[in-house]
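Two complexes are shown next, each including chain A; its partner changes from chain B in the first to chain C in the second.
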Partner chain A sequence: MSDVKFQPGDAVVVAERFPRHHHRVPTYVKGRRGVVERLCGIFGNPETLAHQGDGKPAQPLYRVRFTMDHLWAGREESPDDTIEVEIYEHWLEAAQ
Partner chain B sequence: MSADNKHGHDHDHSHPHPFQPDDDAGAPSEHMLLVRALRELLIEKDVYTADEERRTIERMDARSPAGGAKMVARAWVDPAYRKRLLEDGRAAAEELGVEVGPTKLIVVENTPSLHNVIVCTLCSCYPRWVLGLPPAWYKARAYRARVVVEPRAVLAEFGTELPQTTEIRVHDSTADMRYMVLPRQPEGTQGWSEEDLAAHVSRDAMIGVSLPDTPKATP
Partner chain C sequence: MSNEQHRGYHDLAGLEAGPVDQTEHNPAHWEKQVDAMLTLLSDEKRGLMRVDELRRGIETLGPDAYEKLGYYERWIESIRMIMVERGVVSEDEITARIAALQQAAP
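Right after this comes the complex of A and B.
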């Protein structure tokens, strides 16, 4: 567990990639900035697991918290409401 | 209405009713054919029997929200258990004899300033081991698409209105974890037995679209 890249509280940005294969990152968080809430554990990568692959290298999985106003830019019901989404480490970069 | 119409229909039967299509109408998809072929082969090669498969489905279908309700009720009466439940949902379930299979369970707690609600926008992930089979609306596109954008409007349609001062937090089960909401204990239920409390914890309260029933009178 020592080689995980992010800690709770770290600001991160979700990669803006749009692969056609199974990858389990919802479009509404792509390119968006959030904060790591916790590390859930290390899991096989679904992008290969779902396609006859071995899921390796395994990926740290984080819960990332986003605020509604950042995701929906004016359409949100309340700016302080939040969404938490599980995202694998290879989809995350440190936010500047 | 014709005079010989004796069964209360307000029209005669000279025209056909439009039929609602059956769920399994039409040609099966490639994936469905693959599943059927695989199943037939597994049974033919004695990997398992048709009856074993049926029993497994029966066991899966028999799971109910009672497991989750038992955990919630225990958390309400036992602060040490509540702490363990929030730290490790899986271990806390097993402690009460609630089977969780392979589920990695995260329990999220409602407070006066925070209300949690669960969805799976990508498919229909649901904590089946502790809540049983998901309701049809949970799997519907409308719920999955709307609750991440306008959770307050969706909750209001379930009869749940929350003040703006309460933060709503939507949990999108996109990957390996499953979620269950620990609702707030209703007013007027202090001192109740775990069994009576558990009876007031509904499935929908543990998904987060509802609140536990408030008792009208002490049982």
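Right after this comes the complex of A and C.
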């Protein structure tokens, strides 16, 4: 557990990448800013496991909290509500 | 949004979808069988498939099939694809078995 990059409370930005292979990051959070809520654990990388790979190196998985108004820009019903998405570390960068 | 052009057909969050049907329904026997099949194929003893592969398979069925098929129909189509890809069974074996079962059916 010593190799994790982020701690709860850290502000992060989700990478804006669009690989063709299987990945678990939904479009609506790509490029968006959130806050790490917790570390869920360290797991094999699904992006290679999905293609008969070995999932190595294992990736820390975080629960990242976003606010509805940030994600939906006026289309949300409750701007102050939050939503949490589980995102692997290699999709996250520290927010400035 | 420029991100939209990259969106996979399975990546539906945030799109207009109308009201969600929240009525309960009991899974059919075959749906339970499909669920059990994935559990058995992906357990430690067999290790013939991973849930990540199931997802990847569903994401490569194509938009028409994805739209048309129900939840466990997507699962079984993906399981079939992955089993053939891994050489566990061949497409010929599957079609031969289906034909035999159809002939045996009353």
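Here is the rule we use: the second predicted complex is superposed on the first by the 96 of 96 C-alpha atoms of A that agree within 3 Å, B and C clash if a C-alpha of one lies under 4 Å from a C-alpha of the other, contacts with A are read in each partner's own complex, and residues count from 1 in each chain.
One rule holds in what follows: a residue touches a chain if its C-beta (ideal position, glycine included) is under 8 Å from a C-beta of that chain, and two chains touch if they have at least 3 such contacts.
Predicted, not measured: the structure shown is a model, and the values here were computed from it.
Enquirer: For A:S78, select first, second, both or neither according to whether it touches chain B, chain C, the two together, or no partner.
Expert: Once the two structures are laid over each other on A, A:S78 reaches chain B alone.
Enquirer: Counting touched residues of chain A, say whether chain B or chain C comes out ahead.
Expert: Touched residues of chain A are more numerous for B.
Enquirer: Which partner does A:C40 reach: the first (chain B), the second (chain C), both, or neither?
Expert: After superposing on A, A:C40 lies in contact with chain B but is clear of chain C.
Enquirer: Which partner does A:F18 contact after superposing on A: first (chain B), second (chain C), both, neither?
Expert: second
Enquirer: Of the partners chain B and chain C, which touch A:H51 in the superposed model: first, second, both, neither?
Expert: After superposing on A, A:H51 lies in contact with chain C but is clear of chain B.
Enquirer: Which partner does A:L61 reach: the first (chain B), the second (chain C), both, or neither?
Expert: First partner only, chain B.
Enquirer: Counting only touches as set out at the top, which of chain B and chain C does A:I87 meet: first, second, both, neither?
Expert: first
Enquirer: Looking at A:K30, would you say it contacts chain B, chain C, both, or neither? Reply first, second, both or neither.
Expert: second
Enquirer: Does chain B (first) or chain C (second) touch A:Q96, or do both, or does neither?
Expert: Touch partners of A:Q96: none, neither chain B nor chain C.
Enquirer: Residue by residue on chain A, keep only those touching chain B in one complex and chain C in the other, then list them.
Expert: Residues 24, 26, 28, 46, 71-72, which sit in both footprints.
Enquirer: Can you list the residues on chain B that touch chain A in the complex?
Expert: Within the complex, chain B touches chain A at residues 104, 106, 121-122, 148-153, 164, 167-177.
Enquirer: Touching chain B in the complex: which residues of chain A?
Expert: 24-26, 28, 40-41, 43, 46, 61, 63, 65, 71-72, 75-78, 80-88
Enquirer: Can you list the chain C residues touching chain A in their complex?
Expert: The contact residues of chain C facing chain A are 3-4, 6-8, 11, 13-14, 50, 52-53, 55-56, 59, 86.
Enquirer: Residue numbers of chain A touching chain C in their complex, please.
Expert: Those in contact with chain C are residues 16, 18, 21-22, 24, 26-28, 30-31, 46, 49-52, 71-72.
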